[in-house]
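Take a look at the structures listed below.
Two complexes come next, and they have one chain in common, chain A, joined by chain B in the first and chain C in the second.
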Partner chain A sequence: MNEGKPARSGKRLLDYYWERLCKNRLSVVGLGFVVFLSLVGIFGPIFAPDPQKTDFMIKNLPPVGFSIEESVYEITTGESTTTVVWGRPDHPLGTDSKGRDMLAMLISGARISLLVGLLATGIAIFLGTFIGVLSAFSGGWVDNVLMRFTDVMMTFPFFLLLVMIVFIFGPSLAIIVLVIGLTGWTGAARLIRSETLSIRTRDFVTASKALGASDARIMFHHLIPNVSSLIIVMATLSIPGVIMAEAALSFIGLGDPMSTSWGTILNTGQHSLDTAWWVAVEPGIMLFLTVLSFNFFGDGLRDAFDPRASI
Partner chain B sequence: MKPETVLEVKDLKTWFFTRRGTVKAVNGVDFVLRKGECLCLVGESGCGKTVTALSILRLFDNPPGRIVGGQVMYKGADLTTCPMPYLREVRGGDIAMVFQNAQSSLNPVFTIGDQIAEQVMVHERISRAKALDRARTLMEEMNIPQPVRALKMYPHQMSGGMKQRAMIAMSLSCSPEILIADEPTTSVDVTIRAQIIHILRELKIRRQMSIIFITHDLSLVKEIGDRAAVVYGGRVVEVAAVENILKSPAHPYTVGLIDCLPDVSSQAKRLPSIPGNTPNPLEMPPGCPFHPRCSRVMDICRLTMPASVKITDVHKVSCHLFGDKNGGIAR
Partner chain C sequence: MRSYIIKRLIYSVIIAWGIMTVTFILLRLGPSSPVDRYILNIAARGQDVESVRQAIEARYGLDKPIIEQYFTYMGNLLQGNWGWSFSTSQSVADLIVTHWIYSFQLILLATIFAIVIGVGLGMLAAVKQNTKIDYAASIFSFIGISIPGFWLGLMLIMVFAVYLGWFKTYYDTSYPIWSLENIKQLLLPVLALGIGELAGYLRYTRSAMLDNLRKDFVTTARAKGLPEKTVIGKHVLRNAVLPLVTIIMFDLGSVVFGGAYLTEIVFGIPGLGQVSFNAIFANDYAVVVAVTLIGTFLVLFINLATDLIYTYLDPRIRYE
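Let's turn to the complex of A and B:
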């Protein structure tokens, strides 16, 4: 493959994957948006105004460049006058029905969505990796017990469970993250188990055993690094699902009331679709773009890691 | 003077309990390995050579495999029953193993240097820098060109011969007393094969290492072996010094094997072969496992397993032709 080329440094393999990833335009665009969103999520709230600050004098301001007609009914004269309201540059994305700044709310939402997405996926993938590798490596009854447990977990209607638990324990971000994380590992566990099963029989595992490696060493040094590409791809592709789940929960009113997430904004926006469409549309677009970006990026990663894929 | 024995395999039996029946892959293997010698285990595919090697370090999958009898004595301990932590110390530290397929015996996600250094650090508490230094020395010893560069390579960047040599370097990293080489030259071309044989020979002399060399190729036995044990049907049927095996083979199976050696100068169109196949391990024939294919089969061969008989001090054979029941040597 690299016959004749000098092996420059230990980074060689990563460089190779990076080159392959870069050949997929969509995936680079996806990565770009994810990076942009992460920066916004991390640093945005420091600069943005308080997303919870209400100001009824400027409620329902449209985004810059858009206008709405507002009819004012004069009680004294009995006449209604229509004024055209234009968006103002100090609230570039408009305001909602309570006069909260949409941009500030979207920035806050980015932080919440990414936080929930990363944490819940982190828990799920960690559990999935651990259970999958352990199951494949141990074999026998351990494998049986773990995989049947996985099957049982898979039969739970996940969203219903989420709604129930949030209803019982009260809505908070921690609960949402935990529930999504603790139920979302099943698919990962199965995939990683099957991948590990094939790697476990490869000669280098026997060879390292022959040279004195312990079970733990084989698991952490040989099996997990060899399924790491699968882990990374799965994590990337499962983040959008988690973000959607959190948005859905917030949308039906079971989100964390203390935080402004995209789902919460959507929820408030649906009541004023006829007067202030942007309140619902803007978080919708953000969700759409975020999920799409993660999917593009994940697909690109999968192709880059797949030796059979021709790019 | 008889050199000291470093490893003794006594009546080793490794059976695999499968759904279709019990496979007696190793069924009473006996041999000793002496210091600084190279013992070749010779035999056809499926005769139990590899399982014997794996059994020494208990490397086969359990279940379905299990050692049902016998001992592997090393430094006064029986490796078939010793506790796992001790066995792990022995593996790699005292007895190392090289497999036939170097291509897949190296972890594809780490560099060669990392893998050798890790190997050293598993057994010895030394710093990473020192371990890498040791790795470099080993690579030099293996005649790998530009060892420093090679240490930074991933397995897929190396040629097959380099990989096999890196593998040997890795197995030698903790200076084991015994090296088990399981057909280390099957997946490489003839020039690399010559290099590897050369390296192993050097090791034997320089480090006084004992080598168990597993092969089906008698020409390799001639080149590297001091003694050879011919394995058939999970048992050692003949063991002797290499010259004796090659010049005056006793067991009909060994005779057959040597007849099968291709001779470049010979005009024969067709290579001779031993009729039949290795027995189905699920249905081992009663008596001597070789009797269905043996050209000199006798009635007794179908009934009882021949015991090991000494022809000379250094030549032992398990065949009724040489048993007392037949009145001594019949050849």
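Let's turn to the complex of A and C:
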């Protein structure tokens, strides 16, 4: 669009980044889906029926446009009759083996996935930034201790730890968020440490030190703003991992029983692959699209923030 | 060099000890006792549960304070005694000896699959940069990275085992491990586990190849009139595999603990992931600690091996 013009001719920096981001069509599509999903997660549950409401009269209803054959064995006559059951518009995505509405469950799942993804990533990135900057800034034994601690955390079998803690302390959303957040900061800490180390030696940091700036001022006014784009990209790209971890936990039966997440639907769906395929297919597609969108968006963001990347 | 290795080994032992301690304490903090599962059978026969429980707990020292149990466990571990699995009624060492091969085989096959296809496609995409093949490969890698492995596993089971009937819907342990039938039934698990890694390798290979294709020595090689095959195979690929080695080795750690674990559960493969999963639910702490320890040592060993292989692949790197 602005070929030939200097990159920041009077423009705010954010506009510049936004323009660069928009040149990557896939990342805009990703962002669009994430926004859509957030709206569904925030407002959807207001309109949707209760996702936990069971109704065994309408169990295993296929999505609209699909049909299944249902055999009923009549105990008095000894005959079995086969009827074709079509999806109904009042349950557009079908129902599961307990007659719960799939659409309502998927909407609830969107809320849970985004909530867990954002909160746990928030905790992890905050811890990672704090530990990374502190480690690089302090140097010496503080750096040594923090980095060895990071090594230990990185070696820890993450998923096993997750399963163990959630099993011991009981499956609740708060525990899941806390555990993923408190264990997921290691990568961020290392990356931010190395980035901070290189920024620390730049002239503007030396200059402000010479002017008598305090350590805290250098940390919050020079170091953190300079790694902020890195932090944003890391956060975006680590959300999918968190969402998948939550789904995996719920899938193996350690999800919060009080809420419906995509993983819990998959958990019910795996037992009815032959009778009700949609119960396992639909939440998986949502999970896949969400992760894909965050990856597209994060990838575009990284290129937009990277002055060397040609877009 | 030797002092470097010794230092790293000592360091590994300390990390493993730390992880063992954390795992042990976490599990012993749990709400139930490891003998609970064991006692269920006795309760069904109408015997006095409490006295049996006390007898078993006294027999295995579970009634002692946790600190004392911890030191006893550690002492046994140092003597090569891995403890007793209450939920399966066999020694942990036996349990691991019977089950490790399933995990090993799954991870080995998935890794080979991911490396061969991933590196191959990555090379192809780089050589054919900005063609349809390149775009297809890039979209494929995005899909591979984003698709949840356990869900892909479920879908593969549904399509190929339930509807098409090409595979069994359960894992058949009656085949010999390395028989063709067994490897055939591992096809779907390997696909489900390998696709994510494959996509990652594809991306890295592509970008590493492209980086090197722009280097001066490639121009020189071409100017010398070397055939393109030699330029790609000898000059570009050799320089591109270096970062790939670290990535593959690093991935192996996450495959061992994340993907393989879930894949074993989805497909019912009786590997160590499945074993430790059942053990967590049965509060069988000795099994969980043992599997965690083995896994940790494996990751630490892989990390050390990566660093050492690096000095061989890139003679400029030296460790002090």
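Quick note on the criterion: the second predicted complex is superposed on the first by the 300 of 311 C-alpha atoms of A that agree within 3 Å, B and C clash if a C-alpha of one lies under 4 Å from a C-alpha of the other, contacts with A are read in each partner's own complex, and residues count from 1 in each chain.
In this text, contacts are C-beta pairs under 8 Å (C-beta built on N, C-alpha and C of every residue); 3 or more make two chains touch, one makes a residue touch a chain.
Nothing here was measured: the structure is a model prediction, and the numbers come from that model.
Q: Once the shared chain is lined up, is A:83 touching chain B (first), chain C (second), both, or neither of them?
A: A:83 sits against neither chain B nor chain C.
Q: In the superposed arrangement, does A:168 touch chain B (first), chain C (second), both or neither?
A: The second partner, chain C, only.
Q: Is A:247 in contact with chain B, with chain C, with both, or with neither (first, second, both, neither)?
A: Touch status of A:247: second partner only.
Q: For A:292 in the superposed arrangement: first (chain B), second (chain C), both or neither?
A: second
Q: Using the superposition on chain A described above, determine whether A:157 touches chain B (first), chain C (second), both, or neither.
A: So A:157 only meets chain C here.
Q: In the overlaid three-chain picture, which partner chain does A:204 touch, first (chain B) or second (chain C), both, or neither?
A: Only chain B is touched by A:204; chain C is not.
Q: A:222 contacts which: chain B (first), chain C (second), both, neither?
A: In the superposition, A:222 contacts chain B only.
Q: Identify the residues of chain A that lie in both the chain B contact region and the chain C contact region.
A: Common interface on chain A, chain B vs chain C: nothing in common.
Q: So in the complex, the part of chain A that touches chain B is made up of which residues?
A: Those residues of chain A that touch chain B are 1-3, 6-7, 9-10, 12-13, 140, 202-204, 206-214, 217, 221-222, 225-226, 228.
Q: With touch defined as at the start, can you tell me which chain B residues reach chain A in the complex?
A: Those in contact with chain A are residues 57, 59, 63, 88-93, 96-97, 99, 101, 104-111, 114, 118-119, 122-123, 149, 152-154, 156-157, 167, 170-171, 174.
Q: Under the definition above, what is the set of chain C residues touching chain A in their complex?
A: Where chain C meets chain A, its residues are 15, 18-19, 22-23, 26-27, 29-31, 142-143, 145-148, 150-151, 154-155, 157-158, 162, 254, 256-258, 261-262, 265-266, 276-277, 280-281, 288, 291-292, 295-296, 299-300.
Q: Which positions of chain A touch chain C when the two form their complex?
A: 151-152, 155-160, 163-165, 167-168, 240, 244, 247-248, 251-252, 266, 269-270, 273-274, 277, 280-281, 284, 287-288, 291-292, 295-296
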